[in-house]
Amino acid sequence: MSRFLEVEGMTAGYGAVTVLRNISLYVDHGENVGLFGPNGHGKTTLLRTLSGLMRAAMGKVRFDGQDISRARPWEIVGLGMVQAQQGNTLFGEMEIAETLELAAFNRRAREKAAANLDRIYTLFPRLAERKRQKAKTLSGGERQMLSIGAALMCAPRLLLLDEPTLGLSPRLKEELAEALRAISQDVPLVVVEQDVELLLALSNRLYLIEHGEVQREIGKDNAPDHQEIMDMYFGEHA
Amino acid sequence: MTRASLLFGGLLVLAVIPLFVQDSYTRHLFILAFIYAVIASNWDLSLGYAGLFNFGHLVFFATGVYTVAIAAKTLGISPWLAIPMSGVTAAIAGLIVSAPVARLKGIYVVLVTFAFGQLVLQLILSQSHLTGGAEGMVRIPYLQIGDYKFISDFKLGYYYVALGLLIVSTLYLLWVTNSTFGKSLLAVRDNEDYARARGIWITRQRVLVLTLSAIFPGVAGGFFAAYLRVASPEVLSFGTLSLALSMVLIGGAGTIIGPIIAAFLLIFATEAMAGIRGMEDARFLIVAIGMILVLRFAPGGLAQLVRAPRKKP
Amino acid sequence: MDTLISTLLSGVVLGALYALMASGLSLVWTTLGVFNFAHGALMTIGAFVAWTVSEAVGLGLPAGVVAGVASAALLGVVVEYLLIRPFYGRPNMLLITVMTTLAGMIILEKGAQMIWGARLKQLPRLIDGEVSIFGAVISAHEALIIVVAPLILLALWQFTTRTYLGRSLRAVGQNQDAAALLGINVSFTFALAFGLGAALAGLTGVLLGGIRFITPSLGAEPLVKAMIVVIFGGLGSLGATVGAAFVIGLAEAFLVLTLGLYWTPFALFLGLIAVLIFRPNGLFGRV
């Protein structure tokens, strides 16, 4: 059986600037994968390219056996790979409930819309309290919850999360982390996260991305200790 | 200054052309090209150079046309005096448009200047006792010195007056763009916030650039009225607008010389098309298609194609 | 009293037409960030096609109305495909599309002139007869405009706030990347916005074709009025656009009554300048 998500030799960037060089990685069925590394080294670009917002200059992406290297964002979402962007304000002038309802846009998601909506309001009671509020009036943490909630409404089969807890207060962060742990139980994740504890709690396997390349793959068998990972975060190992 | 030498080499050629081109129709086309080149290059000062996307330049031109028409015909002022006057009235029109435009951004500049042109058109149409309405004004006094009519000798006099106008206007544009003020225009166009932080007063700059770039289109309009001896609201039509605008775009916005060259190309091309039966209406259509194709495949205009690619600001 | 009511009524008729016209512009603007100068020309084409189908071919007015609206919508999609789509992502897309849609306007207008000629044409009124309202008499056709326009606008509002497709228009207008990541086909949405906007223009053309003569430049004056409306109301929201349309329509009717036909456009423009000096984002625009 093929891998769930497989990236082969991906090179991507903006115009003449190459951000990602020859990236190869995979996600197997039934596992959650974490991406980490110093800021500005290509993690967000990787997720944007996976989602089809950017087109890779070289390389192949296969999701669930299908080649999606040249697929458009909405086709990729239709197949079930969905991304929640970091710090995304989504649609400032739209109400929370409206945004979440809209997010169940593809046919697969519409069938599960009612159930998913209940689940999101249970996961994020703050959103349930603010259903009729416009997105622009929300705090940073609430926007993050809305962003993740909207991604869940797309009925993801694989959820890509880009720094879900970035810049949040400790209290909100804990709230969100709890929800994320619950989500990770039934939706496979690819998660970029700076909080090592949370990253380790959410994922089975890690990739260190540095200078736009996969520097290291860390599985259960070669797991370094906490301090070593912290060092890698800040790029001190090389 | 290779650009300037190229420019004046070209002007020298234009100065001797009447020696070889004797028929009055071809000279007429050259005169039209000179007039449009003045409009397009001055428009470029505000549109391409200052990045102020205004649609006011045909209004300035029309202001000049009607200034001479009314001053020379209705009031009996000599056209030699009325033509410089049209530069003044056009500058005033520029000042008026700049009042609301100076504080606006992006699409609102386009909308207000565009609406301004349409409303001036409405005004011309409705004040028919002054402007002749939709029929326009005819038999406007022509240019002459003593007994010498400028229309005689196959329009020789008009040819050189128009060429002189283009030369003076181009010198003026080169002077403005090379001045400190011209450089501050580029600074604002390329990075408004930075320029603002450096203390460039953008409102004042916009008022100045609109007024300064209105003068010569106005003079050209005044000359146009004395040359053709008619003033008609046709000068504010969409067809004329797209023709002048396409000169700026096809020539290359922000280059001054590009629009001048494009004016020659387009005047001769559209006139050639007008000579073909059934093409009278189609020529503006073809110019419009050409404009889209240039925007699509040579966004910097034709000027971009002939010189080494410039670094993006 | 009669003059007052009939002025009021003609102001409302104007306002209704401007609202239909301007809401199409506003829809395209809020979704794509493009100001469509070809909007007026699309309206002209709608009126001409309605005339051809209804009068020249003789299929009757209802078929003409449908054909007029449908052809405008179709052309709107074509305009988006040929004049807007190639320029997405260009740094100065706003200004480029001003020029391409302006070129599109010339092409449609000259094209209409070559196809239909310059001779005046007129559509029959949608309903014959007259209606008396508080003693003032207007044609039934104008009364129909007063009724139909708000209904269409209400339907448009319901569409953009209640349906998946309509909401996706607003989502794309506010954040294209985020909309794409939720599985919305952004390019389809752009075409949809253009098609809908053009359909509204076509409908305005069909309604106007029963009041005025249809010429290749039929759309020019309403386009300018719609521009005044959107400047006045700000381009942001449908509600502000519709509100501004009725303000302008009524102002125009009363200016015609007091200043006369000649000075009305000028007075409107002066008022506009005054508004812009104090509120650069429009009267109802958010600052």
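A, B and C label the chains in the order they appear, each numbered from 1.
In this section, a contact is a pair of C-beta atoms (placed from the backbone, for glycine too) under 8 Å apart; a residue touches a chain by one contact, two chains touch by 3 or more.
Nothing here was measured: the structure is a model prediction, and the numbers come from that model.
A.B. asks: Examine which chains touch each other and state the graph shape they make (line, ring, star, complete, other).
C.D. replies: line
A.B. asks: Where is the C-beta contact count highest, in terms of which two chains?
C.D. replies: Counting C-beta pairs in contact for each chain pair, the top pair is B-C.
A.B. asks: Please report how many Å separate the Cα centroid of chain B from that of chain C, as a whole number.
C.D. replies: 31
A.B. asks: Express in whole angstrom the distance between the two chain centres, defined as the mean CA positions of chain A and chain B.
C.D. replies: Those two chain centres are 55 Å apart.
A.B. asks: Mind checking the centre-to-centre distance between chain A and chain C? Centres are C-alpha means, answer in whole Å.
C.D. replies: Chain centres of chain A and chain C, defined by C-alpha means, are spaced 42 Å apart.
A.B. asks: Can you list the chain B residues in contact with two or more other chains?
C.D. replies: none
A.B. asks: Give me the residue numbers in chain C that touch at least two other chains, ranges are fine.
C.D. replies: none
A.B. asks: Applying the document's contact rule, which stretches of chain C touch chain A when the two form their complex?
C.D. replies: Residues 161, 164, 167-168, 170-171, 174-175, 177-186.
A.B. asks: If you look only at chain C, which of its residues touch chain B in the complex?
C.D. replies: Counting only chain C, the residues touching chain B are 29, 35, 82-83, 86-87, 90, 94-96, 98-100, 102-107, 109-111, 113-114, 220-221, 224, 227-228, 230-231, 235, 261-263, 265-266, 268-269, 272-273, 276-277, 280.
A.B. asks: Taking the touch rule as given, give the residues of chain A at its contact with chain C in the complex, in rising order.
C.D. replies: Answer in residue numbers: 51-53, 72-74, 77-78, 82-85, 88-94, 98-99, 101-103, 105-106, 109-110, 150-151, 153-154.
A.B. asks: Give the list of chain B residues in touch with chain C in this complex.
C.D. replies: 53, 99-100, 103-108, 110-112, 114-116, 118-119, 122-123, 126-127, 238-239, 241-242, 245-246, 249, 281-282, 284-285, 287-289, 291-292, 295-296, 299
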